[in-house]
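Lettered A, B, C and D in written order, each chain numbered from 1.
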Amino acid sequence: MAKELVEFRNLETHFSTSAGTVKAVNDVSFSIREGETLCIVGESGCGKSVTAMSLMQLIESPPGKIVGGEILFEGKDLLKLNKKEMSRLRGKEIAMIFQEPMSSLNPVFTIGKQITEPLLYHLNMSQKEAKARAIELITMVGIPRPEKIFDSYPHELSGGMRQRIMIAIALCCDPKLLIADEPTTALDVTIQAQILDLMRDIKSKMNTAIMMITHDLGVVAEMADFVVVMYAGKVIEEAPVLELFKDPQHPYTQGLLKAKPVLSQRKERLYSIPGQVPNPVDLGDNCHFHDRCEFCMEICKTKKPPLRTHADAKHKTACWLYEEEGKAQ
Amino acid sequence: MEQPGNPTEQLQEQLKIVKAESPWRIAIRRFAKNRLALIGLIILVIMFLLCFIGPLFSPYTLNQTNVGNKNQAPNAQYWLGTDKLGRDIMLRVMLAGRISLTVGLVATAISVVIGAVLGAVAGFYRKYADTIIMRIADIFLALPTLPILITLGAILSDLKIDPGKRIYFLMLIIGLLGWVGLARLVRSQILTLREQEFMQATEALGLRDGRKIFRHLMPNTIPIIIVSATLGVAGAILTESALSFLGLGVVPPTPSWGNMITAANSLIDFRKRPWTWIPPGMCILITVTAINLIGDGLRDALDPKMKSR
Amino acid sequence: MKKRLSLMLVTLMAFGSILAACGGDESAAPADTNTPTETSTDNTATPDESTAEEPDATEEPAAESDSAIGLTEAEDMSLNPAAATARTDSAIIGLVAPQGVFNPMFYQTTYDAYVNNLIFPSLLKIKGDGTYENDLAESIDISDDNKTYTFKIRDDANYTDGTPVTAGDYLFAMKVYMDASYDGQSDPLSWNVVGAQDYHDGKAKDISGIKVVDDKTVEVTVSDYDAMTQVNLGGVAPLSEAYYGKSYKQGDVSSIKELNNKPMGAGPYKLTKYTAGQEVDFEANENYYDGAPKIPKLIYKVTTDTTNMAMLQSGETDLDNVTVNEDNVEELKSMGFLDVDVLKNNGYGYVAMNNNNPLFTDPKVRQALTYGLNRAEVVEAAYGPYAEVINIPQSDVSWAYTAENINTYDYDPEKAKQLLDEAGWVEGSDGIREKDGKKFEVNFSATADNPVIDALIPIMTENYEQLGIKLVVETLDFNAIMEKKDKGDYDMFFAAWGLTPDPDSTVYVTDGAQNNSGYSNKEVDELYKQGKKELDLEKRKAIYAEIYQKINADAPEILMYQRTNMNAINGRLDGWDVTPYKEFPYSLHQVEISQ
Amino acid sequence: MSQYIIRRLLQMIPTLIGISIIVFAISQMVPGDYITATQNPNMTAERAEQLRSLYGLDKPPVQQYFIWAKNMLVGNLGDSFQHKMPVTEVINTYVWNSFIIAFVTLILSWTIAALVGVFSAQFQYSFFDKVVTLLVFLLMSLPSFFIGLLAIKYFALDMKLFPTAGMTTAGLNASGFDYIKDVAKHMILPVAVMTTLQIGGLTRYFRTGMLEVIRQDYIRTARAKGLKERTVIFKHAFRNALLPAITLLGFELPGLFGGAMILERVFAWPGIGQIYLASLNLRDYPLMLGFTMFLAVLTLLGNLISDILYGVADPRIRLK
C-alpha cells in the first residue's frame, strides 16, 4: 500500500457571518495516499471545497478561519507553516484547478505568461526554458499549435481549452497532489469526458495524487480510487470506490446513488432525497442528516454518530444504524 | 460555502431563482440585512426630517436679520451661533439642507441614470450607437460650462421664470452636465463584460437586449456607479452654490450648505468663526457618508457574486 | 470620476468668477474698475463719472465711524519681519496681475496702469484733490477762445534711453491715438482736435490741428472746447517716435502694440523685467527730471486677495491694497508695523429703477421707495463704519460735493405709504398695492457676490412688503443684468458706479451713454451742458450743486452708500502722498526707506 | 488598430466642427460683448461702433464664424482683445505654469491614490480603510479654496515651511538650478493641495476596482499558483483594477492644460485658469473661444488615447 501523502486530522474551518458561526468543515479527518485519486462527494455547501481550500490555506479570512485540527502533508503540519513556506508549497507540491475555467485565468495576461509564472518563480527557470517547458505542457494537455496558444489570451480559447490550460499550469511543477474542484462541472459533456481522460492520463504518467471534488457520481465512478462522502461539514462515509458503489451504508450515500440515473435500470422517475440541506448556522451536536433520513431514530436527533469502520477495514460510516446504541433502539 | 462565483455561475444562479424570487426582491432582503446600509439610510432620513420639519420649531425666521447679534459664538439662545448678519445658523443650516439635499440627490440621480444608461447602450451595441453617444459625450465634455450657464441664467431671467422655481432647472443642469464621466466608465466596463461567456449564454437563451443590458450587464457596473454617485452628491451640493451666482440657483437670503460654506471665505473667518462653516461642512460630510454607506449596502445587495454571507 | 471632474469644473469656474468679482474694485475683477478711461494715466481729467458699474464687493462691517477712515500709523516698527528689513534698496508692492499691456494708450486694467504710471509721464498729472498740475509740461498757454493749447515740454525731460522728450513725440502719440486701427479704451476723436477725423479716415497724412513749433513746443487746436479739453490733451503721454515709430504706418498700430511688454518712457522708473502673472521689476531712472527716485529697485509682485495680508505679514510685500472690513482692518493694525490707510472709494452703490417703466414714472413712487427702504440698516449690516449712506451721486471728498438743500430720505415708512397713496397706488385685498388693476410687483436683479446684497435683499423684501409692494428677487451674472438694462427689460437692479475726479457725467443726462435708469430732466440736461462748458471752478461748483439738488429731489434711483478702500503699507516706507484721486504710483518716486 | 485610430481621428473632424459651432453660438448668446463688458464710462456710441468694426463684431454672426473658423484652420486664433497680443502667445505664456503643477499633481495623485486604494481594498473595513474613507469624504465636503486657505494658514503662515504664494521669490535673479529650486519650493503647497483633492475621488475608484477584482477567480488561481501576495495584488489584481481608471486617465489630458481657477487664485499661481476666467468676464472672445477649442482638441485626443489604451490593456476588447 502506498504511503500517505496528506492526512486531515480533525480539521475545523469556521465562517463567521452576521447570522452566526458556520462550521463549514466540522471535525473532518481522512487521508490521501500517493498516486491515489480521492473523490469528495456531496451536495453544494457540504464543505468539500472548503476542505480543499483549507488544505491550500486559501480560505478568505475574514470571514473564514481554520480553528482546529491538523493537515499533514508528507508528515508536516501545513497549518504550522508560515506564509512564505506555504506559498512555496502551493503551485509546486500542491496544485489546484477550479470549477470555472472561464474565469480562472487572468484575462489580461497571455496563456504563456500565466503558465510560465510558476516555473519562473518556483523552479527559477530562465525565460527560455520556461517557454520550452510551457509549450511542452500545452502539448501534453492535448492542445494543438502550442506556440500560437502560448501567445493567446484566455478569452480567445474555449472553455475546454482553458481547463486544459489550467491543468497545464497545475502540472507545470510536477506537483505531488493535484486538487481538482469540480473541474468538469462547467463544461459540456463531451468536453467533460475529454478532460477526465486527460486527468487519468496524467495521473498514470506522472503518478500524481488527485483530490477531486465533485457532486457527480458518474465522475466518481470513472476517476476515483477512494471516495469520501461529506454532508453538512462532516465526513459521513468513506470507502474504496467499488466498495462504496457496491455497498453504500449511510442512508445519505444510498440516496445519492439512487438519485443517479442508471441507463440499465430506467425508472419511472429519478429518485431525489427529500428535504433540503440544513441551515449551516449553529448546527447541533447530532446527525445533521436526521431530518431527511427515512431511518431516523431518536438518538440521531440528539447525538452525533462516530465515523467508524463496520464491515470492510477501509469502509467507514458515521451512522447510528450501524452502532450498538442504534441497533438497540 | 462556495467561493464567489463568476458571471457564468451567476447566470445559472439567477436562472435558478428567477421563478422563485426576483433579484430585486433578494436585493431588498439583503439590503435590509446590511446593518451599515441601514444606519446610512436612517442617518439620511434623520437629516431629511431635521431639514424639513426642524425649521417649524425654530423661533427665528429666514428674513430676520439682527446686526446687533452678529457673529455670536454658539450659546444658549443661538445653539450654533449667528452669522455676520446676526441670523441663527441652526435655522439656516436646516433650511439650507432642504435645498442642498434635494439638489444633491436629484441632480446626482439624473446624471447617474443618464450616464449609466447611455454608457451601457453605447458599450452594448457598439458601432453606430457607440460612435454617436460617445461623440455627443465628447462634445459635452468639450463645451465651456461657465458661458453656457451664464447664458442659461440670462435666458431664464428673460423668460421671467420665477426665481424660486429655477432650482428645478439647476438640478436638471447639474444632472445634465455630470453624466459624461460615468457614461464612459460604464461603457468601458460593458465593453469588457459583453465579451464574456455568460453573455453567450444569454444569447443562447434568446433574451431581449433590454434584459441583457439591465439584468445581466448593468449589475456588474453597480460598484462604479455607486462611487460615481457618492462623489456626485458632494459635487452637486457644492456646485449649487456656485451656480446660484449665475441666476440658476437659490436667491439670497435662502441658504444652502454650499453658499454657507462659501460665505466663510477668508483665513480670518476660518480662525475666528468656525461655527459659520463647520455646521454646513459637517452636514455635507454626514450626507455623503450616509449615501456611501447606503451605496455600499446596495452594491452588496445587488451584487450576485456576493452570496448569502 | 469625470463626472466629478466636470462638476468640479463648474464649481471651479463659478467660484473663480465669484472670487474674481469678490475681490472688490481694486483687487480683481477685470470687469470692473480697471477700465481705463481716457482719464487714464496721469491725465485723469475725464469728463465722466465713474468707471465701473459692478457693485463693489466683499466689504464687511467694521469699526467706528470717523476714526474708521484715514491713516493709522504703524506703532511698533521693531515687529517688522526680517524679510522686509533685509530689503535695504528695494520695495515690493503687491498687486493683482497686470496683463502686460504696458502702454498708456492700450492698457486695460488698473494694474497695467500702475506700471504705466511709473514709466510714462503725461504733460499733466493729478493732484490729491482731484485737480491737475503740470508734469512733463513746463507751461500751458491757452488762447482766449479756449481753442488753442500750447504745451511747452520741460527741457530736462529725457527718455531712459537718453534721448530728449520732444514735441514730435507728442504728435506721434496723437497720431497713434487718432489712427483708424487704434483699439485702446480712449475715445480720442471726442477731443475735437482739428484734423483728427481726416487722419483717422486716412484722408490726411498729418493732423492739421497739431503743430510742432519747435523741439519742445507743440500747439494743439480744437474745434470745440469744454472743461475737459485741457486735461484730455494734457493727459497724453508723449511716446518716443524713435523707439515706437520705427515700423509704424498710418492705419496699422500693431508694431506699437508689439512693444507693449518692452516699454520705454521718461518716467521715474524703467522696467527691467516682466514675468507674466508673477512680477514686474523696475530700476530707478537716475535722470528723472523730478529727481532720481529714492528707492533704487522696485518690484510689483502679483498677489491675490486670499494671500495679500499674509504676504504683508511675512514681510514679502511692502504695500498692498486690502479689502476693507472690520476683520481685515483689525488684523492689519494688530501687526503693528503697517501703516493702514483707509480711503473713501470713488464710487457709490445704488438701486436702479427703470424710469421708463410705468411703475416708476411718477417721482412720488421713486421717493416713496427711497423713504421706505432702511438704507442705514443695510449699510450698517454690510459695511459697519466703513461706508456711509449717500444722497447725491458724488463723493464727499470731491470739490463738487454739496450737502445743502439735500433731502436725506431717512427711513420713514409712513411717509412712503402716504406718497404711494398720493401716486394712486392703493392697497388691494391681498395687501399688495394696485393701480388701474395692475399689482405693484417688482422684479429686482442683483449680482450675488457681494456683502451688500446679503443684507439688502432680506431688509428690502421686508421693508417693501410693509409698503404693500411685492419684491421678486433674482441673482444674475453682472453682464446679464447690464444686458437687461440695455434692453430696458427690467424693473430694478443693484449696481455701483465708480467716480472720476471731474463731476461731468452722462449718467443723469437724457439718453446719455451711461444713463442706466432712463431718467430725464430737461433742467438737469441743460445744467450738465453748462457745467461741462464752464472753465471756472467756483462757477462749476454752483452748477453741480444745483444738479445734485434736482437729482436728489427727483430720486431717479435709490442711492445707497459710498464705501472705502485700504492701503496697507510697511512702516519702513515714508513719503507717500496718496488720496482717493492720487493713487500710490504717483508718489512712489519720492518715497524713501527709513528702517 | 491603426484603422481604428484613423477612423477615430476622422470622426474628430465633424465633432470639432460641431463643437466650434456650438461654442461660437454660445459666445453669441452670452449677454454682453467686449465693448460693454469693459464698462468704459466714456464710451460713446460712436466709439463703440468703431471698436466693434475694428474687432469685426459688427458682422453677421455666420460671417464671423466663418472668418474665425478659417483663421483657426491656419493656426491663427486671432488677437486677444484685452492682452493686445495673439491668443496663441497668451496661452503659451501662461499654460506651462499650469501644466507643471498639473503634471506633478497627476503623477503624485495617481500613484498615491493607487496605493491607498489598493490597501484600502485589501483591508476593507479595517481601521485604515475607514480613516481613508472618512478623509476622502471630508475633503469632498469642503470647497477647494477652503482647503487651499487652510494649507496656507498652517504650512506657510504658522509653520513657515513654504512660501505663502506665487511661483518665484520676488526679485530673485536666479537661473538654472537655483531657479528650479525656487519654483519647486513654491510649488509644494499648491501641488499638495491639488493632489489631496484629486486623490479623494481616485482612491474611491481604485478601491472599488480592487474590491471587485480581488474576489475574482483568477486571483484565487494566482494564489493557488503559490505566487507571493505582493505579486498577486500588484501584478494580477492591480492590472485588472486599473482598467476602469484608464477611462479616467483620458480626462486628465485637458486637465493638464486647463488650469485650476480657484487654486491658482488662492496661491497666486500665474496659470492659465485665471486668464481664461478673465477672458470670459471681459468677453474677450478670441481668447475665450481659442482656449476652449484648444481644450476641446485635447479632450477629444484624451478620450481617443484612453480608448486606445483601454484596448491595449484589456485584450478582450476589440477595437474596430
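Please note the rule applied: contacts are C-beta pairs under 8 Å (C-beta built on N, C-alpha and C of every residue); 3 or more make two chains touch, one makes a residue touch a chain.
All of these numbers come straight from a predicted model, not from anything done at the bench.
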Longest centre-to-centre distance from chain D, chain (CA-based): A
Most central chain, judged by mean C-alpha position against the global CA mean: D
Of A-D and B-C, pair with higher C-beta contact tally: B-C
Computed distance of Cα centres, chain C from chain B, in Å: 45
Between chain D and chain A, distance of the C-alpha-averaged centres to the nearest whole Å: 53
Cα-centroid distance, chain A relative to chain B, in whole angstrom: 47
Between chain C and chain D, centroid-to-centroid distance (C-alpha), Å: 35
Shared interface positions of chain C, touching two or more other chains: 1-2, 4-5, 8-9, 11, 13, 15, 17, 19, 306, 310, 477, 479-480, 483-484
Junction residues of chain A - those touching two or more other chains: 100, 103, 107, 155
Where chain D touches two or more other chains at once, by residue number: 30-31, 143, 145, 149, 152, 157, 201, 205, 216-217, 220, 243, 247-248, 251, 277, 280, 314, 316
Residue ranges of chain D in contact with chain B within the complex: 11, 14-15, 18-19, 22-23, 26-27, 29-31, 133-134, 137-138, 140-143, 145-146, 149-150, 152-153, 157, 200-201, 204-205, 208-209, 211-212, 215-217, 220, 243-244, 246-248, 250-251, 254, 277, 280, 288, 292, 295-296, 299-300, 303, 306, 310, 314, 316-318, 320
Chain C - residues contacting chain B, complex: 1-11, 13-15, 17-19, 22, 60-61, 306, 309-310, 327-328, 331, 377, 380-381, 443, 445, 447-449, 453-455, 457-459, 461-462, 472-477, 479-480, 483-484, 489
Chain B to chain C touching residues, read off their complex: 62-65, 67, 70, 84-85, 111, 115, 141, 145-146, 149-150, 153-154, 157-158, 160, 162-163, 166, 174, 177-182, 184-185, 228, 231-232, 235-236, 238-239, 242-247, 249, 251-253, 262-263, 265-269, 272
Of all residues in chain D, those that touch chain A in their complex: 216-218, 220-229, 231, 236, 239-240, 243, 313-316
Interface residues, chain C side, partner chain D - complex: 1-2, 4-5, 8-9, 11-13, 15-17, 19-21, 29-32, 35-39, 46-54, 87, 90, 92, 97, 99-101, 106, 108-109, 180-181, 183, 185-187, 189-190, 257-258, 260, 275-279, 281, 297, 299, 301-304, 306-307, 310-311, 313-314, 316-317, 477, 479-480, 482-484, 486, 497-498, 500, 505-506, 513-514
